[in-house]
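Think of it as A, B, C and D in the order they're written, each chain with its own count starting at 1.
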Amino acid sequence: MRLSLEANLDYDFPEPADVLLAVEIAQMADQHLVEDRLTVTTATPLAPVEGLHGIGRRTWTRGEGRFLVHYRGIVDVDRRAPDLSGCAMIPLHDLPGDAIEYLLPSRYCRPDKFKSFAVELFGELEGGAKVTAMADWIRDNMRYVPGSSDERTTAEDSFLTREGICRDYAHVLIGFARALDIPARMVSAYAWKLEPPDFHAVVEVYLDDCWHLVDPTGLAPIEGLVRIGVGRDAADISFMTIFGSANLVSQRVQVERIGGSNPD
Amino acid sequence: MRLSLEANLDYDFPEPADVLLAVEIAQMADQHLVEDRLTVTTATPLAPVEGLHGIGRRTWTRGEGRFLVHYRGIVDVDRRAPDLSGCAMIPLHDLPGDAIEYLLPSRYCRPDKFKSFAVELFGELEGGAKVTAMADWIRDNMRYVPGSSDERTTAEDSFLTREGICRDYAHVLIGFARALDIPARMVSAYAWKLEPPDFHAVVEVYLDDCWHLVDPTGLAPIEGLVRIGVGRDAADISFMTIFGSANLVSQRVQVERIGGSNPD
Amino acid sequence: MRLSLEANLDYDFPEPADVLLAVEIAQMADQHLVEDRLTVTTATPLAPVEGLHGIGRRTWTRGEGRFLVHYRGIVDVDRRAPDLSGCAMIPLHDLPGDAIEYLLPSRYCRPDKFKSFAVELFGELEGGAKVTAMADWIRDNMRYVPGSSDERTTAEDSFLTREGICRDYAHVLIGFARALDIPARMVSAYAWKLEPPDFHAVVEVYLDDCWHLVDPTGLAPIEGLVRIGVGRDAADISFMTIFGSANLVSQRVQVERIGGSNPD
Amino acid sequence: MRLSLEANLDYDFPEPADVLLAVEIAQMADQHLVEDRLTVTTATPLAPVEGLHGIGRRTWTRGEGRFLVHYRGIVDVDRRAPDLSGCAMIPLHDLPGDAIEYLLPSRYCRPDKFKSFAVELFGELEGGAKVTAMADWIRDNMRYVPGSSDERTTAEDSFLTREGICRDYAHVLIGFARALDIPARMVSAYAWKLEPPDFHAVVEVYLDDCWHLVDPTGLAPIEGLVRIGVGRDAADISFMTIFGSANLVSQRVQVERIGGSNPD
């Protein structure tokens, strides 16, 4: 399906500060970028850099006073919601080098903390069924509560309090998966049909020699996710990392399906 | 200088478990691998994989019962101890994509926690002089106490208690550097003249468009460090990651200078 | 001096919840309660209970919908700012039983974390001079930043980031003092001349067989502090502990000196 | 029943350090001290102090070089295992002042972390049945693993990893109980029939206007527990708090039933 995306960020910088934007559509096999344009109201020229591990794109810029970011893109997404139940787990000693870091503890996700629980609940299941059961458990046991978490909230915190937003749901799933030796990483995305519209965070797990998207919140169809970037957890994939401080004025994200005589 | 390295690991696995070894010499511009050989007493074939970010090599294997690892290598190191004082800091918006992750918080190193302190002590200094002052401060204010830390000890813990071993010294330096917007990563290494001989952990900071080795412990000369791998912090660079549990029987590391009519 | 105090709390309870109020003036040797009156707009009768360790008073009540607390009191404070420099530290083995708990780690204050630092900076000083130097260090090195901390912020966090409000200043001082074997507890108080007027949090240290008030913020004179209650740290002395949730509508505290032809 | 207790502690102090011993039998309504004797090989006279909140006794002394503690006591315990199922919860606003602190967060037990889980699992039950269900859940879901925890391990850690020793079982129960507004405190004790014999840690919950003993480990009968002291969590009730450091040489605890023609 073809999606038209738009993001408008409006911030105020009391002091000048460097900013790393990560809002651009990643070019990948299952999402083909048709066209896009990033505009920032700043005197500093934009400096594009590649995303983490060469996936996607990011842009350095600098905020000073009022700071407006406008991003608009069109993308063709060609993806079906995967049925993970038939996917096999890769034995650890067959994992490629670049998947290994997604087994390790990171800022917000410490797999050792989830080992006992994950073994008990999901240990008997096979391969992809483990991950499906994890996502189901999270959906059934957590409450989506905007404002209940912040940049200090870890996967353990969210697991204990059983509330959070998409980042926290993702962290808990990453914790569970890594605890059972399944590489798991976090994905920032635009999400078709997400209500209210916003940047979204989901998870990718490594099964059957490739990465599979999973959304533990269940708030948006996998077929309409448009990846921006990937990382170990929320620390890596912020859509705007400010090396200083700034105040949010307003922020708006829109995702619309366009064209297509063949609705699906 | 030419160095001959040897590592002998002897462990006992009560239950079979996958093992990721990271003991092999990395081939890099300033350290040229002459020859090496890794032998593991296990029925499972060794599965080599690349190191994190393509630097160095790691090997998957599997422990079961008595588990002996023997590694031996010869390497030519061609490196001078860098004088960081003349190195310039790269403005954030000029940093390449693959350096960015080394600014971010990781499992053991949360730069936001060190911001106030680092600004106060090192904020006035320029570029590489900042890093030199950080390493000096750590050397002057921390005590090297084997056994004082474990796998839960973070950079904050070490900064507060002011004791630790090489991993902890490295974590504090990484915390300081990232707090002042200098990318910093952790390096596992063999170290010539380290007493007692063991695997070593040091730091690399990104200045003047390249990575520079720094050893905040001051226990071994930079000229005699042989990198194994790099990562965000201790979570990434363990010389042996066991996906299960095992008991240490004994472990021995040796580094010797060989040959060379031209001693330096 | 004679002080007239007033506190007005206005909250809204979406669901009924039990509430523990700790806003009443404690009757103590150096502060003599003349009269006071607590009024709460609630159907539930007020249930007075004593304060922690028999110091001061607290009141159980119950919030439901709009919840207004009005407290008004008159108190004679007869206290001079203590000169701690002449106070001796009590050897541990002479400490009375009820001072011991104020040496131990509590929710927000873990003395072991501050040991190295406190020994280095204050270890050479004698008795009360230690405490004076600690309070001076805190005043010189921390920034008073409303909004910079919340109910998760610990003494370690505040020490690292070097910012906070009165509760955080108090936590750091408690951490330092306990680290050097000086019992230290937290005190909630009304404070004459505090700007802007609000509930205040200060510290008491045990020296020379009695407790001495110290205000590490330096924001209000010791002579005009009116204790409400004491505890190990902020977890114990909240002026309003809500067993559920409520929204703040407004809150106002006033402290005025009254009467007295003999101004001091 | 009449019990004869004995504790032998043998430590070595590289440097002199103050020591607080908490090994003596508390005189309480359901445990009547017949006789006891504490002997310590030290030049410093023993300084007895009362226990926390006036319960039990503690003794200040000082270690220097080899340090031997011998304690021997005889006590009549007159207690039945309580049936908590009939006990009512005290409404918060009827709780006496000295029970309140046992609702609050402490060093190792933060009730807010357990709220969601406790409400879900135990929220529907009434009064004492809640506590019985909590203790059952802990017994069914945790593994008793000596060496799996240390002085940094919190209730959250133990809940997540689902392993620990008596202190950790107690912490989780305290976390659960406080989360549902039931005051809960930790008790150090001698325990008849505990295997292997050692100091034990259990819990007291406040129901029906008094404190009731609960042993979430189920390792020793309630009828044979002999309280030493109480506190908020493990930070308060250590049998030996060393203000410095010492090495354990050996430690032995014995509890035997004596006399009585009427075995029960």
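Here is the rule we use: contacts are C-beta pairs under 8 Å (C-beta built on N, C-alpha and C of every residue); 3 or more make two chains touch, one makes a residue touch a chain.
Chain labels with UniProt names: A, B, C, D = Transglutaminase family protein.
In this text the structure is predicted, and so the values were computed from the model without any measurement.
Chains that touch both chain C and chain D are absent from this assembly. Counted by residue number, the contact pairs of A-D are over half the same as those of B-C, the matching pair from A-B, B-C or C-D. Between chain B and chain D, the centres computed from C-alpha atoms are 44 Å apart.
Between chain A and chain B the centroid-to-centroid distance comes to 30 Å (mean Cα coordinates, whole Å).
None of the residues of chain D touches two or more other chains. Under the stated contact rule, the graph of chain-to-chain touches is a ring, a single cycle where every chain has exactly two partners.
Pairs of chains that satisfy the touch definition comprise A-B, A-D, B-C, C-D.
Here chain A touches chain B in the complex through residues 18, 20, 44, 47, 49-52, 54, 58, 60-62, 91-98, 100-101, 103-107, 110, 181, 231, 235-236, 241, 243, going by the rule given at the top. The residues of chain A lying in touch with chain D in their complex are 112-117, 120, 156-157, 159-163.
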